[in-house]
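Order as written gives the chain letters A, B, C, D, E and F; numbering starts at 1 within each chain.
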Amino acid sequence: MHPAILLAADPVPAAVDTGNTAWILASAALVLIMTPGLAFFYSGMVRAKNALNMLMMNFICLAVVGVLWAIYGFSWSFGATRWSGLIGSSANFYGLGNPDVLSSVWGFGPIYKIGENLPTGGLTAGVPVLVFAMFQLMFAIITPALISGAIADRVKFWGWTIFVAIWVTIVYFPVANWVFGTGWILNKLKAEDFAGGTAVHINAGAAALALVFVLGKRVGWRRDPMKPHNVPFVLLGASLLWFGWYGFNAGSEGAADGIAGLAFTTTTIATCAATLGWLVVEQLRDGKPTTVGAASGAVAGLVAITPACAFVSPLGGLAIGLIAGMLCALAVGLKFRFGFDDALDVVGVHLVGGLTGTILIGFFGFDHGALAGGVESKRGLFYGGGLKLLEVQVVAALSVLVYSFVITFVIGTALKALGIFRVSEETELTGLDEIEHAESAYSFSSTLTGGLTHVSGGAPVPAERTEELSGKGV
Amino acid sequence: MKLVTAIIKPFKLEEVKIALENLGIQGLTVSEVSGFGRQRGHTEVYRGAEYTVDLVPKVKVEVLVGSVDAFKVVDAVVEAARTGKIGDGKVWVTDVDSVVRVRTGERDADAV
Amino acid sequence: MHPAILLAADPVPAAVDTGNTAWILASAALVLIMTPGLAFFYSGMVRAKNALNMLMMNFICLAVVGVLWAIYGFSWSFGATRWSGLIGSSANFYGLGNPDVLSSVWGFGPIYKIGENLPTGGLTAGVPVLVFAMFQLMFAIITPALISGAIADRVKFWGWTIFVAIWVTIVYFPVANWVFGTGWILNKLKAEDFAGGTAVHINAGAAALALVFVLGKRVGWRRDPMKPHNVPFVLLGASLLWFGWYGFNAGSEGAADGIAGLAFTTTTIATCAATLGWLVVEQLRDGKPTTVGAASGAVAGLVAITPACAFVSPLGGLAIGLIAGMLCALAVGLKFRFGFDDALDVVGVHLVGGLTGTILIGFFGFDHGALAGGVESKRGLFYGGGLKLLEVQVVAALSVLVYSFVITFVIGTALKALGIFRVSEETELTGLDEIEHAESAYSFSSTLTGGLTHVSGGAPVPAERTEELSGKGV
Amino acid sequence: MHPAILLAADPVPAAVDTGNTAWILASAALVLIMTPGLAFFYSGMVRAKNALNMLMMNFICLAVVGVLWAIYGFSWSFGATRWSGLIGSSANFYGLGNPDVLSSVWGFGPIYKIGENLPTGGLTAGVPVLVFAMFQLMFAIITPALISGAIADRVKFWGWTIFVAIWVTIVYFPVANWVFGTGWILNKLKAEDFAGGTAVHINAGAAALALVFVLGKRVGWRRDPMKPHNVPFVLLGASLLWFGWYGFNAGSEGAADGIAGLAFTTTTIATCAATLGWLVVEQLRDGKPTTVGAASGAVAGLVAITPACAFVSPLGGLAIGLIAGMLCALAVGLKFRFGFDDALDVVGVHLVGGLTGTILIGFFGFDHGALAGGVESKRGLFYGGGLKLLEVQVVAALSVLVYSFVITFVIGTALKALGIFRVSEETELTGLDEIEHAESAYSFSSTLTGGLTHVSGGAPVPAERTEELSGKGV
Amino acid sequence: MKLVTAIIKPFKLEEVKIALENLGIQGLTVSEVSGFGRQRGHTEVYRGAEYTVDLVPKVKVEVLVGSVDAFKVVDAVVEAARTGKIGDGKVWVTDVDSVVRVRTGERDADAV
Amino acid sequence: MKLVTAIIKPFKLEEVKIALENLGIQGLTVSEVSGFGRQRGHTEVYRGAEYTVDLVPKVKVEVLVGSVDAFKVVDAVVEAARTGKIGDGKVWVTDVDSVVRVRTGERDADAV
């Protein structure tokens, strides 16, 4: 997020810039497709019996976060600052400026005009507030979705749904306010995080680590291979992520201009370099470059360049990507060393990658926008800016890491204590698709036959069948 | 020599394998099948309509037995595969005329 | 479609607005990807033996409608009004303003300049006619494609192709003219349908119902489960639909502005709410939330918000989505009650969802554009507009429903009488992929071997093999 | 590429046009998704045992070409002309204008400003250089990726990676310079190739043919069917290609205007017509229209319209598409007649389709932009332009064809001689996924069990197991 | 006890199941196989070239028979599976030494 | 009549088929199985961790033999399937009571 994008509580109307608006509309759609992309990236990596549950853990984030964002999420994230930069709140942002009969009941303030724009100033003028609100919603959706990969194969669906609702409310919305909105990290600490290395990736990665500890290991972890059931889906997901990430990073400029072009460029080059880096590590360590490795490498590069994308040069992006690709390839082995079952390597890729990118800004940082204004501290160590920027970056990264880890640990522990979070061992063995969703992902066989018993509301299932049911069916 | 064929629940495969290894069995062949017995399948709901699916996924394990007593093998499999619920499966034994190991050409008892 | 987008027969050239043009170009591409998305949404739901036929029923709509649109479809839909608002026709729209040697032969009028724009005025200025023509083509493609799901597993491929060609000609092109173009619904009745609740969803849903009656049930319906063979494809399709739908709804503004932002917003929030609504109904009724349900809920929400997306507030959209999601979840059971084999619930989702959205505008309607001009009737019942708007909406919905149902019934009956519409029972049992397309969707097995017999044009198949062929092969 | 898009070595800064920039940013993202689309199009067509290797052959093009492009590729392709139009080079384009500490070491010239734009003039003003550089990178990525389909199932992964690096360096970058940049085909010969019929399709197709000769046939070719293992993936890939191709063709205008709209239109109509054309040929020749045929027909249409998309009328595009679809459907049989194993018909579709489109401009050409300037030679034969344009087109097509074929043949022969290009027969029989990547694409089975042996760096594989490994496992 | 094994056309499975149920058969096991007999596969066209695919998909049905006459079972299957066209399949009978039901441990005739 | 069952490496299927055809065998049934014998599976690396996968994919070939000598068939299969490396497989022979061809109803030797 470019620092210039600040939403005042009562934005001053200005003329729409159709070009910038077109790009942010397109970017919002691009970021939307990242969540299904992530769903396929993750789902392809789990075993066939849990493939749908993994898709659903991601898809439900769309549904839940979208609704909460409309009601209060946008206001908490981008409303006027409250409590010394810890949260936002603007009356006319609740209900997304709802001109509803309800608004008077709820006591919301003046309704803002639909055509209203972001405040003019900087490069971001001329984008209507609702367009910006939708673009930012997509970030709020994918962040909890990222967590799901770490705790694959062992979580009750409705328990996860409740977790997501609580987590975005007390973790994501505040952190987004700090980093993207009116809060302390962007405005007081003045750390650089263009598109969400802290708010999205470190945040999700730290939460993932906390939940892995809360939930424990899967039955058979370390004994069974638990290999991807559909590697093409992993690559399909990675490709949709890469595609959508252009909205994420270049859209974070809030305009279609040269800085958006720079963000697009570093995003591309870092991702290419990270893919190469991961494959080289695999070749050296395991003797073969894998498809899952290529997909993971691309994602690691995308994660690492996210905070830095408009603050480094194209070759700086290349360096960050290469470092992140190699580092994350090594980091995914950590779970075996330390014995935590981070199923799909969310910690290894998003926490490690997010930290890498956020901190490397302290070395490679070269903020063209800020430099034009002569702000020397915006140069990293390699460009003569000294350690100043590095310090600021570390503080921002650790603050989000600690906050997210602690609060997530508490939420997770509470839900587990209530018995609504972890599935039974029998469910794990049978597969979550059958037990949690009464479905199976694939039916290629021609030998599955049967017959209609009754339509909903009709006679109950005969008693003698229900035992087999709980083990295998529905 | 005998061939022991077992139809079991898929998630019992690992335990059956371990039970067979404990008996000193050196090989086995596994395939995916589906079937029904007295349990007559299960029901599934799709779009608000309920169906019986009468063929339930099972795993078939085939073990050639030479020197070891086939009945010991049967008992080991039955014990390892039992959950006590319907659908636990069937195990049967048939006679085998002769066996050859492809790699070495060894025959019968040596080949198992 | 915003009422301000009207194509005069001889548009007045104006300056291109690159921002609006960029957004409509992007929107057209987004709507294009909806048809493959739909193909996967549907194909995943059929049995493996018919997976390719379902893809092909959708893909052929692209091919057929694209060609007809270029020749006369655009002119009939958006040309100057004829026959008191029943059809359009502008000479220079035939062949998409073809500057061809042929144009003189066919007697078409003056060739329009490529850079020519929509008439300035309102928010829609500055988009070249060809860009608008392509955006609208994508609507003409997906509408017949939507029908295919209802009659899955039982239609001859070329028969379907002919049906599509006839149907778009005498059903879609006129109805699009009424609703989006120069025809009576938009310009005389003045009903509100922003992006096609009537012209697309009610139209396709009513046609689906008619064809279900014409074609009858599949062999084994109600006896066999006929469950989805590839649920991840269902969700992939739903995700591509959601993604592309931003072009459909927010692109229908014809510009990148605040109203496009509102359309984007309500589309998102309604879809989220509908997904939740459908899953809750499933949980209460069947005891489990399913992946197919989540995908269907999202589509139901997208359908319902389509006509309303720029005419309601964000929370109004939330309400419409929630209502549509729950209603459609219940509606898909109707086919069992009434005994019609709507294979993939086109009636339950598109007809019911389209009616829901179109009619709820009569309650939640709040047309910011019109209100600015002080047109009181554009308020729905809940905003003090009385029953006026509701009446108009019901008339529009029922007109399209009845016209589409009747004409489709006639076309379908004729094709069936000619013996080119419904496949044989043996084909149904064997699978349409083998019989209609000589293919099978998947070959994961390593045991399928064989050998080359000859290259096309060589010796015929030996007689003794052909019997097995007709049963199993080619 | 519209002739007006020329990058001067030292572009004159101008104001950003946000609308044009938004469209080129979106187009670059669209073209990016084409490479994964191609990967799925190809991967679905190979046998299951090689599915991942095919994906990887494409995905690695992203990684390798992205890095090389940043370092020197963009400069060689779009830098100031050198050696009488044979190559480009501008110091400040190396490292994409890298403001890096390294730049002084390497002696690169002045750093250009990020916000810098393409030179004003014509329709292409106002797009920052980096945005244009990223758009063009995507072309450089997909061109070598296209080649991979011809030599599927038989190439060592790292050997291919090295081939790609060499090939883009000495084939693609120069040819792109000739056709899109400062080189002789665009600027001296003045051939028309709007979006890459020569530089992309003829180039890739000729290289594919050369490699097929170098590498020879697969084991079992003509004996085994080698049918597609996942036809839905073939159609998914074709759909993503179609979607992304709007960026490729309409984005090549460099602006969001009427010519972009024309390119979008002809692209659509040609693709529709080509799909129909291919299916009709299949129906007449084989008795059935296939899904693989529909997908291939669409791609053939897209290929053929690429050079012509802004130089013909909509109905001209329809004609080109129809001709290309039918011609390519016939051309894929050539490999059996002439006995070369072009596995996935890259020659039949891209070389034949590229030639068709490039040469048909000589008949259907009708360059609105040029005609406005009164350049009579830009009319094709059917529009009274005589044979002039046809000749020019043939020279351009053949030049690229011969250059690409010869150089590729040399590179391929060298790599094969080094023993790093073709896999062993045993690898081919077992499958490249297992041997080259230690993976298998799908694990649907519930009977695959096993256990963890050790984490990387631990004990080596027991000797007695390694024999089975080399045959089946790893 | 006998084991009746039938290789049939996939779309005949439903009818065979019904025929077996009418005989009072209480269970069966099904698997997907492919094969060829006198019919020698079928031909397919791909990209204008024609191939023989000699292994045609079939379904294998296995039925353990105790009290019921195995030949009645064979006749029922043959009748239900017949289309009169090539590729209809084969049915054969083998002897079974012993059978155990996993859930209850019952043996032989009781176990079937 | 005999039933010859062979567990072989998947890529040897083509050669085994040809060997059987050379003996005049008119039909066979193939299925996908997995198994282990003395070779005890193989190892795979995933994400830097190494696993044994003890069930290796194999192909099962079943051939009913009437007039031809079952042992000739066994020998032919063994020869065609051999690579000399571990995991080459097993072949065994069992007795068949009776065979019926579904299409014609022919029995036993005629039916094979």
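Throughout what follows, a contact is a pair of C-beta atoms (placed from the backbone, for glycine too) under 8 Å apart; a residue touches a chain by one contact, two chains touch by 3 or more.
Keep in mind it's a predicted model, so treat the numbers as computed, not measured.
Peer 1: Same or different: at the chain B/chain E interface, is the fraction of residue numbers used by both copies above or below half?
Peer 2: Mostly different residues form this interface, as fewer than half of the numbers used are common to both chains.
Peer 1: Match interface B-C to one of D-F, A-F or A-B, accepting only the pair for which over half of the contact pairs are the same residue numbers.
Peer 2: The chain pair with the recurring interface is A-F.
Peer 1: I'd like the Å distance between the centres of chain C and chain E, where a centre is the mean of that chain's Cα atoms.
Peer 2: For chain C versus chain E, the centre distance works out to 45 Å.
Peer 1: What's the distance between the Cα centroids of chain A and chain D, rounded to whole Å?
Peer 2: 32
Peer 1: Measuring centre to centre with CA averages, how many angstrom lie between chain C and chain F?
Peer 2: 52
Peer 1: Of all residues in chain C, which are in touch with two or more distinct other chains?
Peer 2: 17-20, 22-23, 26, 224-225, 227, 230, 236, 285-288, 292, 333, 336, 438, 442, 444-452, 455-456, 474
Peer 1: Which chain B residues reach two or more other chains?
Peer 2: Where chain B meets two or more other chains at a single residue, that happens at 11, 17, 30-32, 34, 44-45, 48-49, 51, 53-55, 57, 83, 85-87, 94-95.
Peer 1: State the interface residues of chain B toward chain F in the complex, per the touch definition above.
Peer 2: 1, 3, 17, 26-31, 64, 94-103, 105, 111
Peer 1: Would you tell me which residues of chain B are touching chain C in their complex?
Peer 2: Against chain C, the touching part of chain B is residues 44-49, 51, 53.
Peer 1: Which part of chain D faces chain A closely enough to touch in the complex?
Peer 2: Residues of chain D touching chain A: 16-23, 25-26, 28-29, 32-33, 36, 39-40, 43, 51-52, 55-56, 59-60, 62-67, 70-71, 95-102, 113-117, 128-131, 133-134, 137, 157-158, 230, 233, 236, 436-446, 448-452, 455-457, 474.
Peer 1: Can you list the chain A residues touching chain F in their complex?
Peer 2: Listed in rising order, the residues are 224-225, 227, 285-288, 292, 332-333, 336, 345.
Peer 1: Which part of chain A faces chain B closely enough to touch in the complex?
Peer 2: Residues of chain A touching chain B: 429-430, 438, 445, 447-456, 458, 461, 464-465, 467-469, 471-474.
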